[in-house]
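Report on the following structure.
Order of writing sets the chain letters: A, B, C and D. Residues in each chain are counted from 1.
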Amino acid sequence: MPRIGVFVCQCGNNIAATVDTKKVAEEMAQLPAVVHVTDYKFMCSSPGQDMLKKAIKEHRLDSVIVSACSPHMHEKTFRKASEAAGINPFKCEITNIREQCSWVHHDRTKKTGTRKSIDLTRMTIERLKRNKPLSTIKIPVKKKALVIGGGIAGIQAALDIADGGREVILVEKEPSIGGNMARLSETFPTMDCSQCILTPKMVEAELNERITLHTYSEVESVDGYIGNFTVKIRKKARYVIEELCTGCGECIEKCPFSAQSSFEMGLSKRKVIYTPFPQSVPNIPVIDAPNCTKIQKDKCGVCAIVCGPKCIDFKQEDRFVTEEVGAIIVATGYELMPNERFGEYGYGRIRDVISGMQFERLASSSGPTGGEIRRPSDGKAPESVVFIQCVGSRDEKKGVAYCSKVCCMYTAKHTMLYRHKVKHGKAYVFYMDIRSGGKRYEEFVRRAIEHDGAMYLRGRVSRVYERNGKVVVQGADTLSASQVEIEADMVVLATAIVARQGADTLAQRLGIGYDKYKFYNEYHPKLRPVETVTAGIFLAGACIGPADIPDSVAQGSAAASKALGLLSADELQREPVVAKVNEATCNACWDCLTACPYSAIERHGLKNRKGTVVRMVAMVNEGVCQGCGVCVAACRSKSIDLNGYTDEQVFAAINAF
Amino acid sequence: MKITLKKEDLESPLISQIERISAEDLQKCYQCGNCTGGCPVSFAMEIPPHQTMRMLQIGRTADVLAANSMWLCVGCMQCFSRCPKGCSVANVFEALRQLSLSKGVDAQRIEAMSVEFLKKAPQQAIVCGFRKFVG
Amino acid sequence: MKIPYYPGCTLNTVAKGFDESARESSALLGIEFDELKNWNCCGATFPLSPDNLIALSAPAKVLSNARKQGDTLTTLCSVCYNVLKRTNKVIKGDKVRRGVINGFMGDDYDGGVSILHFLEVLRDMVGFDAVKKAVKNPLKGIKAGAYYGCMLLRPFEDAGIDDAEEPRVLEDLLSAIGLEPVRFPLRIECCGAHLAVNKEDIVLRLSGNVLSSAVNSGAELIVTSCPLCQYNLEKSQARLVSEMPGYAGVPIVYFTQVLGLALGQDIARLGFDRNKWDISPVLKGKGILA
Amino acid sequence: MTENSAIDRVADSGEAQWQPKIMAFVCNWCTYAGADLAGTSRMEYRPEVRIVKLPCTGRIDPLFIIKAFENGADGVLVSGCHPGDCHYTTGNYHARRRWIAFKSLMEFVGIDLRRLQFSWVSASEAIKWADLINKITDEVKALGPFMEYKGLKGES
């Protein structure tokens, strides 16, 4: 016979006003197995807790019930107290007689509240009688983190984790880390050069002995669970042996062939063996196989001849490395919506219509024009440039419904850069709303308008076409309610930011959620902004949604601190509310396998003495199981049960009803 | 110019009638001006397309019905084809035309048209013209 | 190949040249126009108020008649094409409206006819390669500007025969018959359409812009697919010529006329005499016409 | 005490009129929290409901519901997170599928489905919760005590 103590809380008047706590206690005293009852003003106060502990000792209680507020409030408190007094925390149950009784039934005669409290407490007692002592589950933690994506968010996260004393694997799919930020010229609102502030961090990441870089690599598969992920990484064939390459650049120098540079957004060419940009990290070239005559038709091979350390290997194939990590940070960033989708703007057909990112390259001192603004068609400095915002953004019909967040700011920046570089040039901006929320952002935009003479027109552009060497922009200025036509030399499109191609595939590999635009879902958009619903996987940067550099860096650091918190423990503790299989009755129908949302159930072979498998049964991985109980309800042979919510407990509660 | 906004104007039956006839949701328009930018005849309109939408949003049906805009819209559908919100101002103009024609005032007196024109012009122009301008 | 064909009012009168040249040239491609029996006017404009079903009864009548003659219906006039195609979409896609219209006309048309523009027939059924092969007399060296106007392209969802911003079907046809297409910027802008009735000044301005856009892009010939565009362009060109000394104007022709010419049809049978601007100087200039 | 029939209840509850017993199976993350919110915002609703908290509606075994009726429930309510909002990502979909099958079974055996209701209530939908409880209580009250099942039980 268990020895149960019942403690009814008055919660000042919160409960006592509509519930006769004394009567509840007395009623409970009548029940078998209840050996001690009492009611008290504030059970959660330290005197209240002491009372509980004392009672447990005095009356040798093996389980206790506190009828008080919602378990979401004080379950932990009382379980801790009980544990302190020497009984298993899971032998302490809470009855909710405040939120779901005294506060919602205003009967001042206390009849209603009291009767309901009695019922509820009785149900809990019956349940509690069947509670098994449980001990928290301990999971070992691999003290290493994986960061997917070597843009500014990923670099920041990797550096912070390394500084926190943990090992980091940084995976980047391009030949160099740096991401989109490496393409930018200056950055708003401070106007400091992007490369100048980024490259030191890139170098730091390369030199930091706790960071392992895998560039030109992609995450192939992810297995395991929080604290214990196994990640398979594909290192794409570089045709250059990384270990040997000194980065002398001789091969690039001598390579006779060239192809469009994707880093320069097609504004210039690069050699077929190349590094994306001069400050690439690592400074190890890659051979662009589809364009390499040696690899395609076994002609040339100059690079191999001139390479001193003999590190060119035309036969190289993709390699795979496997890493064991405890936490994963996803920072895969963004890309831009293809402008060709907007035929009316003539991108790809009219040479002097370019994208905002291309303008960044034109303005960048390391770009194809050495930082001079020259239009692609004839290389002349444009006398007038029209900037069109919201190309694809806020466009439910052809584009995306959301606002891309950064375009207003970088367009203002573009007009300034242009004005500074082409003194007599005139910049026109078509905008719908100027969204300059952010520290010193609005001032920045006003500067572009008031000081650098950018002409802002509130309206969209309907059509862009060529007329004798000029680019005619036909739009509207809604504020003057008139149609506007501008004969410009160049047009710059502020294209919508979209999630990376394949963002969904990666999400499926990781088991994290994404929205209809393929941006990754936060656990909670406000309160848990860098966590995912999958424990141990965190997010940073524009893979969550359009973000500027400060946002991305902040999120990188936030995700890093979350990861560090996880990696700082030697083992994780989690509530023992997990499913357990009765191997004796499991008939291996695997319904539970298909039902489980976390694939926490595995096929497990029962072996005989000789070690040969005699029977297959389901086995729950306590590390992965989240305790939803779907498998329990799905099991035909009633061979799975859920700790803390066993069939026995639930039926007992129902029976007591 | 000062206007005093009144709930009666903003939610006048006339407004809902226009929405009903045109099957357009006036509130969808966020005034980007793409329609005015692309409209072949907005240069000649007293109230250009996007402003027409705005006027209706703030319940100024009288001004809109008084303007020449609706009679100039040829229904080339350029506004609709480029509207990021998928609105068709052309439909709204059609609704306005029907409202005023239903008052029995034609925008074009047939007898005022030259015989020479009626002889030479493509039937489709005449038929279409009558249907747009004559109640 | 025999295809059900709907001429529409204008092609029966002022735009006879369009109709004749189409019949003549298609004959050379082995296509016979099977003119719709007792057809009526399509209404010349698609009602922009979805509830105005009465305005759909005329085109609906045309369609249900066409149903008796086959499951496709080919038009030449862009406007007829636009009106019929959109009406058909309504009848096909909207049970309720279909019911009302059929009830009104004591009919039971299901929307089963698919509306084709002759350009679609050439592109999708004959194929421009086949056209190219059939060319006897390629119109080499003539820069031609293809003018689409509105009704072939918009609204794309309901009646577009090609990309709404960057169409190419006409250009492809022109190069198939040896012409040198010039893609002039305003080729998808409006000509002024029925404003011809009472806003001549506006029509002049719109069509004028189209013309100058074409001519400035080097067009020696403008090709249209709609009688109203043809009319408006010619009318404003007449004005331009009278006002701009030194500007003689360029021939404005239907695509079917140049098609017939290239296929080797006798120029006299292609209704060129109905066009305001004689094409022969251009042809002679290039040595295509003796 | 564990199994008191409707009649006893009328007796021991000092009320003139019979009150129904409603059993609610709710998930811990949405509906339970929603019910808590109703409390913190001091809404008032009918007191006849007794809640059984489970981690997820996906945990609900149809037997629970049968058991509840067997033990004198006059109405049963099942409520959890809205589709797509499940704390366990897909648990409530399992619940929904089971529910659809189970409901028709109950209908087949002749249980008035007004006694057996299913609804999505999120953690923020306190009002919806209160209304829901009032609705089902009143409906069940109108139906009167649920004796049929006990009839069945008697026979077996």
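Everything below uses one rule, namely that a contact is a pair of C-beta atoms (placed from the backbone, for glycine too) under 8 Å apart; a residue touches a chain by one contact, two chains touch by 3 or more.
Worth saying up front: this structure is predicted, and the values here are computed from it rather than measured.
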### Query
If you walk from chain to touching chain, how few steps can bring you from chain C to chain D?
2
### Query
Across the interfaces A-C and A-D, which one involves more C-beta pairs in contact?
A-D
### Query
If you average the Cα atoms of chain B and of chain D to get two centres, how far apart are those centres in Å?
57
### Task
Find the geometric centre of each of chain A and chain D from their Cα atoms only, then give the gap between the two centres in Å, rounded to an integer.
38
### Task
Let me have the rounded angstrom distance from the C-alpha centre of chain B over to the C-alpha centre of chain C, please.
27
### Query
Taking each residue of chain C in turn, which ones touch at least two of the other chains?
164
### Touching two or more other chains - residues of chain A
344
### Query
At which residue positions does chain B touch at least two other chains?
78
### Query
How would one label the connectivity among the chains shown: line, ring, star, complete, or other?
other
### Task
Over in the complex, which chain A residues touch chain D? Could you list them?
70-72, 96, 98-101, 103-107, 111-113, 115-116, 119-120, 122-123, 126, 513, 533, 577, 595, 597-598, 626-630, 632-634, 642, 645, 647, 650-651, 653-657
#### Entry: chain A partner contacts - residues on chain B that touch it in the complex
30-39, 42-43, 47-48, 50-51, 78, 82-86
### Query
For chain D, which residues count as touching chain A in their complex?
1-3, 13-14, 21, 23, 32-33, 35-40, 42-45, 47, 50-56, 58-61, 63-64, 67-68, 71-73, 87-91, 94, 98, 130
## Note on the structure
chain C partner, complex, touching residues on chain B are 20-23, 40-41, 44, 72, 74-78, 80-81, 88, 90-91, 93-95, 98, 107-108, 113, 117, 120-133
### Summary
Note: in the complex, chain C contacts chain A through residues 163-166, 185-186, 213, 216
